[in-house]
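Just below sit the structures, each encoded as structure tokens.
Next, two complexes with chain A in common: one pairs it with chain B, the other with chain C.
And then the complex of A and B:
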């Protein structure tokens, strides 16, 4: 009788109960500061070493192709990479193929530049949102100044000290792409391959299986895999950022999903057994 | 020669050039619209073929030293100087297609609104959102004062970005509901899928990794750490299948590209 009541209860669980459980699972951990040390994955370790090996005053193209929808993963990834670049006094320019990334990145770097002694236009520049990635990159590779033309503040490439000596893709020391879409593959197809560029990527968790092949082939020399990669990178940098703060929430949400899958299957199993025993008695 | 041809313009000459381009585009569109159907097909074929041919020849033609200001080692061939202008032209054409899409959307929603059909409220919201965003974006560029900037940011960051985050976050709620109601183990394959999914999930989260963190860093038992199993699944088992799919897609894309380039494609491009 008791088993039957449990079955009846499990069968009647309203989806709003599940939604409430998820809200609780995500929000409660935010009220506690729990620092969990995680093992560093091979991909993140590789990425860290590549950035660490960059000489001072190298020139990095930072492709930011994410929006508010994937901010949970990509923002923490971008910040961790920018901290590493700025600590090493590496010059970089930002290029976006997502309209939201332009302002999201501008806010982030503007908030960080004072701490690291960076100046807009001198040590870094934001070239904002560009449309049609394929055709843009076809022009960008052989002639960067003409294709970029001016930054988001309206300053011409020729007037930006950060762009001094940068003419073609051969002048780029490394390409970083933080992405929540297919832009990484397009960068590989139209820029990395043609100019044999050193390229690394920070991608969302769902993109990991596709990017692992690019890593195996050597097209990528490092990868930050999802939020977990950002947590690992923050750990390597010795800094507690958004990723570390969100790690418990993300973990609890995943554990809730695992628990619900198990519960749903246990319920189905019990129900199946009960119906077969009733059939057996009849 | 090329730098003079594609020289950036400023001031009044920029406005004149823009107006000239619009006038030229209008005339071209009018001519193309008046062409008989029998002529349209070969015209589209020729333009498509020449466009594709340019990029193919530029890529495969042997290169030689072609120094440009600031880059003495620059390599290229006789077609390379056109790459940047061609890319700009294609971006402009892509811009026109967005305009075409906007006109199409306006037609559909306009008809729905005028005839008071079902969903007219959504159509009204579409027009309000589009006009507000367009007006404020233009105002912000033309008169970048504090009011225009703040109003634009209110819409872009306060509304558009917030809506984007919200829409994506809703996926988590659907996932939770689906994990309880739909993920049922009925066959051996489904059981295998569930076990692998759980291991990958546990290996991808900080708390999951703590389950096996006490296992040694080296040796036989190291292989049983959840993140090592996840890594093996992703880099060996899963990547093999992803690679196979990627090869298939690549070959398919090549076939489609050749069909479009050589004008063999049927359907939207050539059939009325």
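And then the complex of A and C:
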């Protein structure tokens, strides 16, 4: 009888109660400064090694294609990669195929540049949002200065010291793409594949199964998989950022979801057994 | 805008945090049920995104790549692009609608060619790397000492065997050239279907992880960023719990009615 009552209660539980439980599970770890040390995945390790091996003053194309909707994963990924690039004094330019990324990246880099002694236009530049990625990349590969023409401050490519000696895609040392959409595939299709560029990607968790193939085939030489990848990368850098701070919340939330799934399945099994025993008696 | 108003420049960050909080809570109100507040913030978000996109298309692409060359540099032939683009709208006029086919045909042709290049660059490199060695061996060098094949350990060979089995099984599922009456083909196609189910499960799991990461980011904003403006994390956490309690109470009352 008691089991039946528990099952009846579980059956009637309001979905908003589950939302509240999830909110509590995520929020409570914010009050503590606990961090979980995670094992570094092969993909993240590869990515770290590739960036670490870049010589000083290399030129990196940083494709930032994320917006507020995937900020939870892509912001921490972008910041971790930027820290690594700036520590190694690597020059980079930002190119966005999402309009929000232009502003989000500008805010992020301007907030960091003083700490690492970077200057806008000299060590890095933001070329903002560009429409139609396919056609843009077709023009970008053979003639970078003409296709970019000017940065978001209105300065011409010819007047930017960071762009000195950069003419075609062959002059790019590495391509980094932080993405929450299909732009990584388009970069592979129209830039990496055509110019045999060294390319790495930081993608959202949803995109991991699709991107594993590209990593296996060597089209990508490293990958940062979702928030988990950002946590691992921050750990490699010895830096406590947003991802590391979220590690406990993520673990507790995942445990709660697993527990709820198990509970739901147990409930279904018990209910099935009870209804079959009632049918047997009849 | 902040250049004209020092007050705005000073308070912009605080204002954006308050606005962001109202927008987040407004969108979270969908967790209670469909309501007008949620609709308002949804439309607000869509409108702002679209306006922001259009503004950026002008400032970052059209202005530097088309407007400036056309007006400031006198490249008058760039006006042809506008005319060619406007041909699209002639589809609404029966007598001259054929002209629209010029633009549509050009775009379709160019896109098809580009899609072929994309396909080749994307999938072709994946084909040779799918042929993996299955027998463990030492590194193999040719006569000049050049590495032909890397050493393959026993665990790697087992990994490759699993990969090849899954690849063959999944491909046999999509083999429609003959009817799948053959016992071996039937079994491998069935196994292929199971493997795909595992993959879809993994994708769904990853999607859940992604969504949780987004929720963590929003709650971090509410509790840590906004919380610090209203007396600390504890105050915001209590406020959130109160809101959740109110939602549960309202939902149960509505259900009873």
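Convention: the second predicted complex is superposed on the first by the 282 of 282 C-alpha atoms of A that agree within 3 Å, B and C clash if a C-alpha of one lies under 4 Å from a C-alpha of the other, contacts with A are read in each partner's own complex, and residues count from 1 in each chain.
As a convention for this text, a residue touches a chain if its C-beta (ideal position, glycine included) is under 8 Å from a C-beta of that chain, and two chains touch if they have at least 3 such contacts.
All figures in this text were calculated on a predicted structure; none of them were measured in a lab.
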Is the arrangement of chain B and chain C around the shared chain A a clash or a fit after superposition? clash
Applying the touch criterion given at the start, work out whether A:216 contacts chain B, chain C, both or neither, answering first, second, both or neither. both
Pick one for A:263: touches chain B only (first), chain C only (second), both, or neither. first
State whether A:251 touches chain B only (first), chain C only (second), both chains, or neither. first
Thinking of the overlay built on chain A, is A:75 touched by chain B (first), by chain C (second), by both, or by neither? second
May I ask you to decide whether A:167 touches chain B, chain C, both, or neither, giving the answer as first, second, both or neither? first
Thinking of the overlay built on chain A, is A:128 touched by chain B (first), by chain C (second), by both, or by neither? second
Return first, second, both or neither, reflecting whether A:9 touches chain B, chain C, both chains, or no partner chain. neither
By the touch definition above, which chain A residues appear in both interfaces, chain B in one complex and chain C in the other? 19, 22, 26, 69-71, 100, 130-131, 135, 138, 149, 205, 208-209, 213, 216, 226, 228, 250, 253-254, 257
Residues of chain A touching chain C in their complex? 14, 16-17, 19-20, 22-24, 26-27, 30-31, 69-73, 75, 99-100, 102, 127-131, 134-135, 138, 149-150, 152, 185-186, 188-190, 192-194, 204-209, 213-214, 216-219, 226-228, 242, 245-246, 249-250, 253-254, 257
Per the touch rule, the chain C residues reaching chain A in their complex are 31-32, 49, 52-53, 56-57, 59-61, 64-65, 114, 117-122, 125-126, 129, 199, 202-203, 206-210, 212-220, 223-224, 233-234, 237, 240-241, 244-245, 247-248, 251-252
Within their complex, chain B touches chain A through residues 6, 8, 55, 68-71, 73-74, 76, 80, 83-88, 90-91, 94-95, 153, 156-157, 160-162, 164-165, 167-168, 172-173, 175-177, 179-181, 183-185, 194, 197-198, 201-202, 204-210, 213, 225, 227, 231, 234-235, 238-239, 242-243, 246
Of all residues in chain A, which touch chain B in the complex? 13, 15, 18-19, 21-22, 26, 36, 38-39, 41-42, 67-71, 100, 103-104, 130-132, 135-143, 146-147, 149, 165, 167-168, 170-171, 205, 208-210, 212-213, 216, 226, 228, 231, 247-248, 250-258, 260-261, 263-265, 268
